[in-house]
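Residue numbering begins at 1 within each chain, and the chains themselves are lettered A, B, C and D in the order written.
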Amino acid sequence: MMESGRLEAFSDGVFAVAITLLALNLAVPGPGHGPLARQLVGHWPSFAAYVICFLTIGIIWVNHHTLFKNFAKIDRTLLFLNLLLLFFVVAIPFATATVAAYLGRGGADASLAAAIFQGVFEGMSLSFGLVFWWSIRREHLKIARTTAGARPAIIRFGIGNVAYVVAIGIAFLSAPAGQPATRAG
Amino acid sequence: MMESGRLEAFSDGVFAVAITLLALNLAVPGPGHGPLARQLVGHWPSFAAYVICFLTIGIIWVNHHTLFKNFAKIDRTLLFLNLLLLFFVVAIPFATATVAAYLGRGGADASLAAAIFQGVFEGMSLSFGLVFWWSIRREHLKIARTTAGARPAIIRFGIGNVAYVVAIGIAFLSAPAGQPATRAG
Amino acid sequence: MMESGRLEAFSDGVFAVAITLLALNLAVPGPGHGPLARQLVGHWPSFAAYVICFLTIGIIWVNHHTLFKNFAKIDRTLLFLNLLLLFFVVAIPFATATVAAYLGRGGADASLAAAIFQGVFEGMSLSFGLVFWWSIRREHLKIARTTAGARPAIIRFGIGNVAYVVAIGIAFLSAPAGQPATRAG
Amino acid sequence: MMESGRLEAFSDGVFAVAITLLALNLAVPGPGHGPLARQLVGHWPSFAAYVICFLTIGIIWVNHHTLFKNFAKIDRTLLFLNLLLLFFVVAIPFATATVAAYLGRGGADASLAAAIFQGVFEGMSLSFGLVFWWSIRREHLKIARTTAGARPAIIRFGIGNVAYVVAIGIAFLSAPAGQPATRAG
């Protein structure tokens, strides 16, 4: 088994890099591509996606530590479920860049880009759910200072997390889903 | 509540990545774009911005730890105020690249780029102020070894930080603000 | 000698950045380069390479900590053998991008790209083997809590690691090796 | 004063990101730019620079920890001298990319690129020297377990470090310095 601290430090590194790489998508084309103001306005999906993804990774990070601080040891299954979670976290900058590039265009491409974005977020949410489900079955891994009140708090976080992801999915993706016919073609 | 160490480790990761990504803006166009010396001279806003941003993130990092080393536990509000601070730190490479690309051009674009740069720095300064304001109201979170002399030191840092940001804002942005008419058009 | 914790923290940072940079290769050309669906399908080697490399770095990271948690101190030789291992880990995003760009093209270029990819992975596997071989000879560096059962577990990890790398090498590279004649030219 | 561990963790993050970003320079132009083998051969300065920079950052990292593990507290001056050191570390990927792009071309551009590369490395070496010089004057900061034998070891590291940087500077830069006339024009 591995110390919980190792897993948290590595996950923190991945979260920190992913959250910082998100900002690389903000770059506008630069001089020679029209007024800066128009470039920034046309670039709004990137800014919206940056805010949403930053918040989401931030919240996943908070939930990640709320869960793992209850453990002193990590077994092999939790280790790989955590890698699965990080797999989707690392894919977020890609999904964000793709949806930001295609969101305003409508048509099949916008729907596909939205589906990729939603798929990555649902994969992240699902793998966090798996980590959560496995961890509440491993009572013997927990450290002594876990009080009886910890589990409801964890469950509350888990539900809130899923609800959050569903909510932003609906909010962010309802636009392209509702208007493909008007812009396509 | 979360252990203070977790928050510091994650914040350190974000600071470290943001400070290193700044240097990506230094790249010159390369062979086939004229003499290297002329490319470097024409690229001076990137170098100036790199030095300023490196110093600023470095100082914010120093202040961040001066503040958080007084805490053993972090409550939920501090956690989100810290995420807000990191939100602006992560946006610095974008703001730097934009202002460096437009600073020497004058006109409305240079003013807008300067406003974005200033906005990100003021957002960072303001969110650091919020973290600071919230933390001095949470006496019960502090660890025992905090001496009576800590608070004046923190306040001094806070004031110095704000003064620093204002000063560089004025110094760096006074040039484009004063000369838009001569270069625009 | 160096504390083991320092080496692990630095290695974790390198692993975390390398695993996150992998996802930069996923970016598709974007609007104006044909339907998104066709871009994604034509981009399949990048996605396959991402999954394989993520798994491989993840497993190397697990093995790295399984090995180093048995040590309290690191001698100079282990330090440089670990740097050699990281040297190959850091080269993985490059090898992945190259093989993903050339894999579907067949011919001498695909074979060369496959050889580079395989070379980086074999270098990583070999340097991990060197770290492993050196570490089992340094009994005096180990911390007291290392039980007699630790070494078989380490050996099992080492063998599994090599077998894994060989297996993916064969699986991933058999395609271009078998079909250069049909696509080349 | 700051705990030594904070400074080391932040510096580790910067070292880890800088060492990983180095590999971004390895990317070849890709399909449509001639045979891969010729691209790789023409790209040799990037590979040579990658190996040299990886080794250099690795050795600076080893020396950094050899020095700082003797300290329990860091004063304000050391903090800023360390930021100065990191300033040059972060600039290494830029200096490497520039020298790799211009090294094979000869002429004034190659000399300038070599001077930039050498300047960044000398800045790094000089700032490490400043950190070293300041630290041996601050006896009161040191932790109790520092034995009498530590200082000679530190001095040996310091000298070795400077010698190393000088040596690679001469080795790497002698080529363009000796042949500008043959290729320029």
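Here is the rule we use: a contact is a pair of C-beta atoms (placed from the backbone, for glycine too) under 8 Å apart; a residue touches a chain by one contact, two chains touch by 3 or more.
Computed from a predicted model, the values in this text were never measured in an experiment.
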| item | value |
| --- | --- |
| Chain of greatest Cα-centre distance to chain C | B |
| Interface residue identity across copies chain B, chain D - same or different by half | different |
| Whole-Å separation of chain centres (CA-atom averages), chain A against chain D | 35 |
| Rounded Å distance, chain A centre to chain B centre (Cα mean) | 25 |
| Junction residues of chain D - those touching two or more other chains | 9, 12-13, 16-17, 21 |
| Touching residues (chain side chain C, partner chain A) in the complex | 8-9, 12-13, 15-17, 19-24, 26-28, 30-31, 35-37, 40, 54-55, 58, 61-62, 65-66, 69 |
| Touching residues (chain side chain C, partner chain D) in the complex | 2-3, 6, 9-10, 13-14, 16-18, 21, 79-80, 83, 86-87, 90-91, 93-94, 97-98, 101-102, 105, 108-109, 112-113, 116 |
